[in-house]
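The following blocks contain the structures, represented as structure tokens.
In what comes next, subunit A is part of two complexes: it sits with subunit B in the first one and with subunit C in the second one.
Right, the complex of A and B next:
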């Protein structure tokens, strides 16, 4: 009887562990396949073509060039390696400017031919039209549509996922935004976190500590929207005034909110680390004539450094993936930031803000999964750091 | 000449009366051993000499302790100055998680000495004084934790000696060490007695008889007998002392 119970328990535990692992692996696999799908997508929106005059030698435009052409930032074919010829752009919306309603017909049945002949007769024109509209015998050429390249994604500085005809998926602004916000969050959280931890472990009486520690741990339980709201109504206006900014929503506001959110973790872990600093080391230092503060600064903090460091990394690792609060206070401008006082946008904020409007399976949708993969790698790396630091810590203490 | 004078010392951990009316004189440049069964108050008494018990909440001292004629518990006493003058070596080696060099230099640095040359010279002198120099001179930058237990304890002695104290307190300094390391520590104690007054707590009767000039026997918070080591071990005047050194209890 006992044996059977024993076996059942073992079997259930094994099975649940196994199932959990498989599910986690499946989720990661899903994330990766969806993310990698982006590179199988075409640059130009599906079902559409870019048609040019057959005398135009330009056959290839990359996504950034296409965007520049249609934004009229690029106005001459020679900038794309073609002849010295002004570029004219044509979108379906422009149809009324070129043709009358009678010409087009009640069902727009003549549109295809009209556009075809328009392009055929204007040497500098590029038309962004549905492929189905172009008659089969049209003597036009199409700009070659290539796959979205890793280069333009990983080295691209422009994030315009909804631009037509060619969206841009340069992740650098988002990556930079994430790293800037996190870096400044560490910069802010570290001194405060360590001071509070030193106060709690070295100065505060048992009673004060017994009160303070649960209160600080309580901060962990506050929903992040609340932090975001707090940031929005207190920190953002404050920054705007202090630095005389046009808008207060900025990377710094995000960093401050993240720092506040990371504090409980940093304080808790650092406080534990310092309290675990062996009494023998403190006594050794005091017995040499060191003051209490010299002892804290020269023995306690250095010997708990790895504990403190893992607290910081843990706190920030949590904060890096944080979405809501950051989304609310950073201004969400997807540009590579030149200063922490500018609006910027982080990876999690982007995913949260855009996933709702990205059609499932499309390039935009897949690009958001790719961002997820990148975030996964960042936090994975951070967790590795924690592992490394704490394993070194264990080795030192044994 | 008396280095340390204890006058009617009573010490309490809260309600617990740990030391009961102890009066004794410790002469300069002698080695004095404290012996007695576990829990009789040897460490407590020793730690009064560098005010290490100050840190214990609820602890209270009655009576006087004088070092060089100065009441070390008088108001206004600089505790860090006192501890610089009264070094201490603990039961378990407790080097800092720093390099060998930094361990020895620590006391100098926290006492405001910046002169690099002076520090380097003191570190070498102290390590030589602790008979450790030849073993570590090529790896001063290595972590102190890379040393063996015995070496670590000698490092702690060097560390204490670096600030040139005039008293060295040792609380069972060899109890965590192997016999060879113990022998080295004992040898060291004999060499250091010319520079400092040493008070050593020990469990080991042979050790007390080997290294000390005078021995005090403690029992249940009282100092039962205090005399020349030779007298204590050959002809004690109290029966309790006789029983203890012959191993009949404790």
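Right, the complex of A and C next:
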């Protein structure tokens, strides 16, 4: 009886040991299936077509070109490889400008035929209309609707997920925003973090250390929305005044908040690493006549370098994945940033801000899951780096 | 033999560079303390005037420009309890497995530890996406306390596992062997000897993980949090309000900044108080445990 109980318990414990692995697999599975679905989506909104005059030789437009056409940034078919002909665009909203209400009929039942004849009679026109509206015998041609391609997504520099007729899912601005903010955050946090860790482990008396340690823990425990709120109320207006910015919400505001948030991670890990530095090393250096500072700088820090490095890398991971605080203070402009003082937008902030409005299952929704996949792999890679650094460290010490 | 003679300025130079370096470290460390007190002091100063009994016990009213934050407090407490129900049993069992059953050098422990570390590095917004895809959509729980608790539970799982593992690791093997030598089974040894000894530290870790859960916003954005849900939830399939989400909404998309800013300060203060209580509680437990160890 006892044996059976022992075996069952053992089995249950083993199973719960693998829960985290299963969760990781489920995260990968779910995020991947949703995210990869993006590449099965059509460029043009579902159920709609881009109709052009049959004399127009242009058959293929990519998403960026479609957007340029409808934003009137591209005004001549020449630019898309067609004849020298000005582009006219037509959307359903423009219907009133072309036709009267009597022409359209009370239920807009004539709209399809009218639009067809309009497009057929104007050689430079491209109409964005529901496919069901166009009569079957219409002598129009449709722009070929391709799938969203990986290069449009991974090399695209424009993120307009709600643009019609063709949304743009270029992730580069978001990726650049994320890395940019995190880079500056670490640049700010690094000197502070290392200094505090050195101070806590090497310089401070036990009493000061006993005071600093809870302070760092408390900083770690403050929720990210509170940091975001603090940043919004204090740091953003401050930056706006100091740098004379039109808006204070900027990459720098995000970096400062992130630096404060990444600090506890860096300090805790680096402090642990330096305290684990063998006392004999320290004593050997002191015995040779080195000052404490020389010992710290030439012996303790180099020998605990890998621990310090993993602290920094973990801090980077925390900064890259941070959502709420960044969302609240960076201004959320999805453009490739040119300076840290401009508003920008990070990957986590984009997911948090847009998922609520994206219709489930649509291209926008899937693109946000794709961002999740990218974020997951960035942090996964960072964690593997930490594992590698600390495993090398273990090998060195043993 | 004459004692080695150092050039006169040598020592002073060394001293000076040490004083300079250590002085700089001290200043930077003090500045961190100042930052913490600036954040805390600012929020306490601004929020203290708002915080009163009515604020804590009333539902928001007048389009979130007046009233209290009671539903958000209740929601956060419910989510903490829910995530604890998910993470504590699984996490503690997982920690026991890693420390007591699995072989220390085998691939299972290395693999599980790698996965657990990776899970703890996964950004909270990715948990939010995952919770939405699995619990809300796939399993059909909808935006609910259940989905939110499960998501938050998984998020805090690595922390619970790690604390359990570390608490058990420090228990000397001699104690286990003594129990086994008296004829106890492995299970009895764990249940009657190892767990009671590790409990104070495990509980400290659990409390800290609750603190983390109380402040998380991103995972509940799409799994649970309601913008406005003034009545108290009646089932686990209801949505609920939560303090961090409430603070986020009120401070970013408020309609009436003048009237809502005090509410935001008050909400932030309540969040900070929860974090403070949790940290102080954990610190006290840790001290108590250390003292108990010394007596033995």
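Following the convention adopted for this analysis, the second predicted complex is superposed on the first by the 390 of 398 C-alpha atoms of A that agree within 3 Å, B and C clash if a C-alpha of one lies under 4 Å from a C-alpha of the other, contacts with A are read in each partner's own complex, and residues count from 1 in each chain.
Quick note on the criterion: a contact is a pair of C-beta atoms (placed from the backbone, for glycine too) under 8 Å apart; a residue touches a chain by one contact, two chains touch by 3 or more.
It should be emphasised that the depicted structure is a prediction, and the values quoted were computed from it without experimental measurement.
After superposition on subunit A, the partners subunit B and subunit C are accommodated together without colliding. Once the two complexes are laid over each other on the shared chain, residue contacts for A:26 go to subunit C alone; subunit B is not touched. Shared-chain residue A:302: touches subunit B; no touch with subunit C. Number of subunit A residues touched is higher for C, counting subunit B against subunit C.
In the superposition on chain A, contact of A:294 is made with both subunit B and subunit C. Using the contact criterion defined above for the overlaid structures, shared-chain residue A:1 touches neither subunit B nor subunit C, since it reaches no partner. In the superposed model, the angle subtended at the C-alpha centre of subunit A by the C-alpha centres of subunit B and subunit C comes to 60 degrees, rounded to the nearest 10. Of the two partner chains, subunit B is the only one that A:283 touches; subunit C does not reach it.
Superposed on chain A, the gap between subunit B and subunit C at their nearest CA atoms measures out to 5 angstrom in whole units.
Comparing the two interfaces of subunit A, the one with subunit B and the one with subunit C have residues 291, 294 in common. Residue ranges on subunit B touching subunit A, taken from their complex, read 50, 52, 55, 80-84, 87-88, 90, 92, 94-98, 106-107, 109-111, 145, 156, 159-160, 163.
Residues 14-15, 17-18, 21-22, 24-26, 28-29, 31-33, 35-36, 39, 42-43, 89-90, 93-94, 96-98, 100-102, 108, 111-112, 114-119, 121-126, 128-130, 132-134, 137-138, 154, 157-158, 161, 185-187, 208, 211-212, 214-218, 221-222, 244-245, 247-248, 251-252, 264, 268, 271-272, 275-276, 278-279, 283 of subunit C are the ones touching subunit A in the complex. Listed in rising order, the residues of subunit A touching subunit C in the complex are 2, 5-6, 9-10, 12-14, 16-21, 23-24, 26-27, 30-31, 34, 191-192, 195-196, 198-200, 203-204, 212, 214-219, 221-230, 232-234, 260, 263, 291-294, 296-297, 314, 317, 320-324, 327-328, 348, 351-352, 355-356, 360, 368-369, 372, 375-376, 379-380, 382-384, 386-387. Contact residues of subunit A toward subunit B in the complex are 278, 280-281, 283-291, 294, 298-299, 302-303, 396.
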